[in-house]
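As written, the chains take the letters A, B, C and D, and residue 1 is the first residue of each chain.
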Amino acid sequence: MVKFGILGAGRIGKVHAATIAASARASVAYVADAIPDAANALAASVGAKVSTIDAILASDVDAILIATPTDTHADLIEQAARAGKAILCEKPVSLSVERIEACLPVVEKAGVPLMIGFNRRFDPNFASLQKRLRDGEIGDVELVTIISRDPAPPPVSYIERSGGLFRDMMIHDFDMARFLVGEEFVTVHALGGALVDKAIGTAGDVDTASVQMQTASGKIVVITNSRRATYGYDQRLELHGSKGMLRAGNVHMTTVESATASGFNADVIQNFFIDRYVAAYAAEVNTFIDAMASGKTPTPSGHDGLQAQRLAEAATKSRQTGEVVRV
Amino acid sequence: MVKFGILGAGRIGKVHAATIAASARASVAYVADAIPDAANALAASVGAKVSTIDAILASDVDAILIATPTDTHADLIEQAARAGKAILCEKPVSLSVERIEACLPVVEKAGVPLMIGFNRRFDPNFASLQKRLRDGEIGDVELVTIISRDPAPPPVSYIERSGGLFRDMMIHDFDMARFLVGEEFVTVHALGGALVDKAIGTAGDVDTASVQMQTASGKIVVITNSRRATYGYDQRLELHGSKGMLRAGNVHMTTVESATASGFNADVIQNFFIDRYVAAYAAEVNTFIDAMASGKTPTPSGHDGLQAQRLAEAATKSRQTGEVVRV
Amino acid sequence: MVKFGILGAGRIGKVHAATIAASARASVAYVADAIPDAANALAASVGAKVSTIDAILASDVDAILIATPTDTHADLIEQAARAGKAILCEKPVSLSVERIEACLPVVEKAGVPLMIGFNRRFDPNFASLQKRLRDGEIGDVELVTIISRDPAPPPVSYIERSGGLFRDMMIHDFDMARFLVGEEFVTVHALGGALVDKAIGTAGDVDTASVQMQTASGKIVVITNSRRATYGYDQRLELHGSKGMLRAGNVHMTTVESATASGFNADVIQNFFIDRYVAAYAAEVNTFIDAMASGKTPTPSGHDGLQAQRLAEAATKSRQTGEVVRV
Amino acid sequence: MVKFGILGAGRIGKVHAATIAASARASVAYVADAIPDAANALAASVGAKVSTIDAILASDVDAILIATPTDTHADLIEQAARAGKAILCEKPVSLSVERIEACLPVVEKAGVPLMIGFNRRFDPNFASLQKRLRDGEIGDVELVTIISRDPAPPPVSYIERSGGLFRDMMIHDFDMARFLVGEEFVTVHALGGALVDKAIGTAGDVDTASVQMQTASGKIVVITNSRRATYGYDQRLELHGSKGMLRAGNVHMTTVESATASGFNADVIQNFFIDRYVAAYAAEVNTFIDAMASGKTPTPSGHDGLQAQRLAEAATKSRQTGEVVRV
């Protein structure tokens, strides 16, 4: 049994706590949150106790799940590592590459497992696609197209402290690109604009963007993002390889289709990220529990978190300067 | 809070118990099963006590969920009704129309709610389709095509006590036909054969069948069934109406698609009925709980169970005699 | 070079004449039509001469293409056969089974080839499906679903002399059923109603119908027809076999798809039968030309025409009597 | 009647000649080709005479269709312009931007119409998509994804004189980008590699490439190309706008789909460009004929040809230098 302490009782903390509670091999022992009501409610729902971060780190829990605000992640990872706990931290480690570079050696020195919660790797569709790629179904991958579009932009107040679209939204796609291609990217070029909401532009960010990247061996990845899609939460991957193509599409709300004089109409796609990735979040936590049980090193690792952040930083810089950035 | 006693701790009993346990408005108080280990395991998983049927009926539970073998349903419904309990009974009430006709007046006299577990009405896809039909999206329905194909035939030993394909498998489609068309059928004609497994024919049943039925107003429903589909559990509906068509398709295992020199390949469809209808089973139980809470009469009712069984009986007779049966 | 005389310069006569004119192995020598302008226009467009039926039959043409009104087909087939000409006749030979039974021996005695223009056998989609079935891709066929829906009903004046839906519209599906299953049907049951237009019912016909048929070996075919489909000319086949399923879908007007808050919208399907089957009509005529060149017997044969008509007659009788008809 | 002289009796010349011959408003008067047999065969098939380029330009033809090798286009356009003929020239005007810049003023001075044969604008699917975009169906376009993949790379000998992938293959996508977005691009960045065939790299070209471009107003277009796709000739467009998405997909060989234990299989897509764009080629020529008849200026114009070539040149330079190119 893996005994967890959960730091952060917000939206994602709750999703993960439910997965742990439903596992036959893990349990939630403690919950900490700056908002007492949130901590109490979550603790009650999974039979855990409310506590403080310090007390949890000092307790006998085996693992710490970090689901607190982003700017606390790196500090908490270091504290948990020093306390000898295995760590599952929501992405990102930090919006700053430098901060991650300082954090990871602390974890390494402590010798504890650190897994970063890039949930999309665990989506059954994307995971199946990646497995089929690795199994050679389409030969060598040459060209990857990643499309991510949110249903609607977040408030400008969120945008302002988000680190920008490349660090906040496209970070998932950078990780997915590395996950799929299995090589590092050496060239990054980004384009962007505030086409959805001018206020986002005024805040120094973009809401519509594209990035193209290339590995040393020549493999190309193209990513496009929009902060608004009227038809739902659009999440697609397409891989072109020497023997064929593999792609993963969206999940429609229902399989119902109509046909009238206006044409054939299929349902909109799922539009809330937690609904869309409910299976992914569960698989992510269970993968961590499996790794704890088997003694294997869980991935995505802290290094994966660092590399994705480096790409986000390169893209941010490229968009700002208008030039190509070498990583 | 609706307090449940669950009779039957098998496959479906477990699915329903989990839904009740997860509901904020209901709980499982007691579980009974002829197999003590099954009862114990289920009771433990939902925080209930193991008991006997008689004791549960004599207890303070509000509702009885009947998930025992088919041949016990009618007797248990009558006992539960006499005990004044609300009843959610897995389909069918009985394989015998006469037995159902005897049972329902007992329920009526007792004045308790009785809901029959035709799970497919609660599938989000089919429920959405039916709602859109009722909302007038395709005008008046004229022609309905229902396709149901199981992944693989059950053992002949099961077939022998199943009541035959029309009562055991197509019963779901008869209920769906009534649910969609909203009228009773007056003409039934069935065809069938043992094309999948000759042993099924030797046992007096068929594994491949079609039925066409018509209402007094002329609406037509065509149902086809097969006990075997190599590509999964095939469950489709198509409605043709005066203003257009509505249909609900299958659920694929993933959204992954490949394209190679062999063409474009999409994943097989879900092939286990509990996976396919997991959301339907939950919605079914929650509908019953809602009805209990609001005092509304839940459907599908005992009468719905009776009418579906009458169609199954008519189809069975039509297939055996080769003639059209008027209902 | 196969030299053709074309009888009938209407819609289908024109389509076939263009195919013959475009063939490197055939030419149109003469055209006859009761309407001089129609004959002149068609003759001019393919470099042929206008003539009379008698003169054409007495000429040196190798083959007669009959595209005149249905009630003249049987007589013209007999005349052409006696004149020693190969014959390609639009379906049907006659609306009367008896008349066909009288006609075919005349053809047989004359020893001339007779091909009946069931165009759908030559549709590239349906032909590919049938070939893949014959090649064993889905094992033995067990269950066939045929859906045919016209965009809009013809005028009642047409209905009145059409022979009824089963002879006029479903005749294509009866031929397709035989083409796909490769066995004769022994049981026919039909349902129908005038749900689209009551005037069609007053005229003694139906506009919505279903037929289920079974072969001696147990194979089942289900056909549904409607005289009206708001979304286009709906033409689909689905075959269920021991190793899987094969189906052929509709052809959309374009491949354009939109996605908005209203869902995903694909274009309507082709809605004019000549557009939908343009490739089929050409392949039909070229098959006849090939057969002439190679000395092979072309199919579908006169016997195929007879058998389809027998099914149409059985279905008509079944619908009228409400009983099953044995063929 | 528009009287045409056709220069070049190759693959495309033949396709266009057939369209002209089938038009009620145009005819082919003369054909010229360096290969006498080709000229003779084509002239015979459309009832035209074989002649020389000079004689055709001196004749009474109204229009010249240029379908000769690329390196002759600019010279022939100038000659035809000076002869006062309307001109339909296959793309591109020249592989050299400078040469086009020199050529267009000659046309302008002569005051003759010049249309460049970017066939894809006339594909019914793409044309419908563009019309729906212009009609406002998805609001303002923000992000465009263009995917073009050839079935197989051409011989290296062809590659060597092709001007490179961006001028030879992606040129179509550059034109499509301008056609769809309706604004000029100011920033171009290209990536590329020889991932399909190293010999293509040795010849100084790439076979796999991506380009991202942005207009002054911020609209982004992403193009990916591969010289090889195992599943056919892949040609797709996707537009993301403020109100939704519009996309145009591929055309499958048939509508047949199978379902087996291996999943659901749809046919490969059309894989020969002339088959895929047969309707587009005809619509292109008919658009030119319409413009001649109505006195309207046909598009795409010489300026469109120039602008596409400028993007191709910018992309070539970007790929070679690794830097962003401002246009």
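Keep in mind that, in the parts below, a contact is a pair of C-beta atoms (placed from the backbone, for glycine too) under 8 Å apart; a residue touches a chain by one contact, two chains touch by 3 or more.
Being a predicted model, the structure only gives us computed values, none of them experimental.
For the pairs B-D and B-C, the larger set of C-beta contacts lies at B-C.
Comparing the centres of all chains, each the average of its CA atoms, the largest separation from chain A belongs to C. Note: centroid distance chain B to chain C, computed from Cα atoms, is 41 Å.
Remark: chain B and chain D have CA centroids separated by 57 Å (rounded to whole angstrom). Residue positions 229-231, 243-245, 259-261, 267 of chain A are each in touch with at least two other chains. Interface of chain A with chain B (complex): residues 124-125, 128-129, 132, 137-138, 243-251, 254-261, 267. By the touch criterion stated above, chain C contacts chain A in their complex at residues 229-231, 252, 259-269. If you check the complex, the residues on chain D that touch chain A are 140, 142-143, 145, 147, 149, 187, 189, 191-196, 208-210, 212-214, 217-220, 222, 224, 226, 228-231, 234, 240, 242-245, 322-324.
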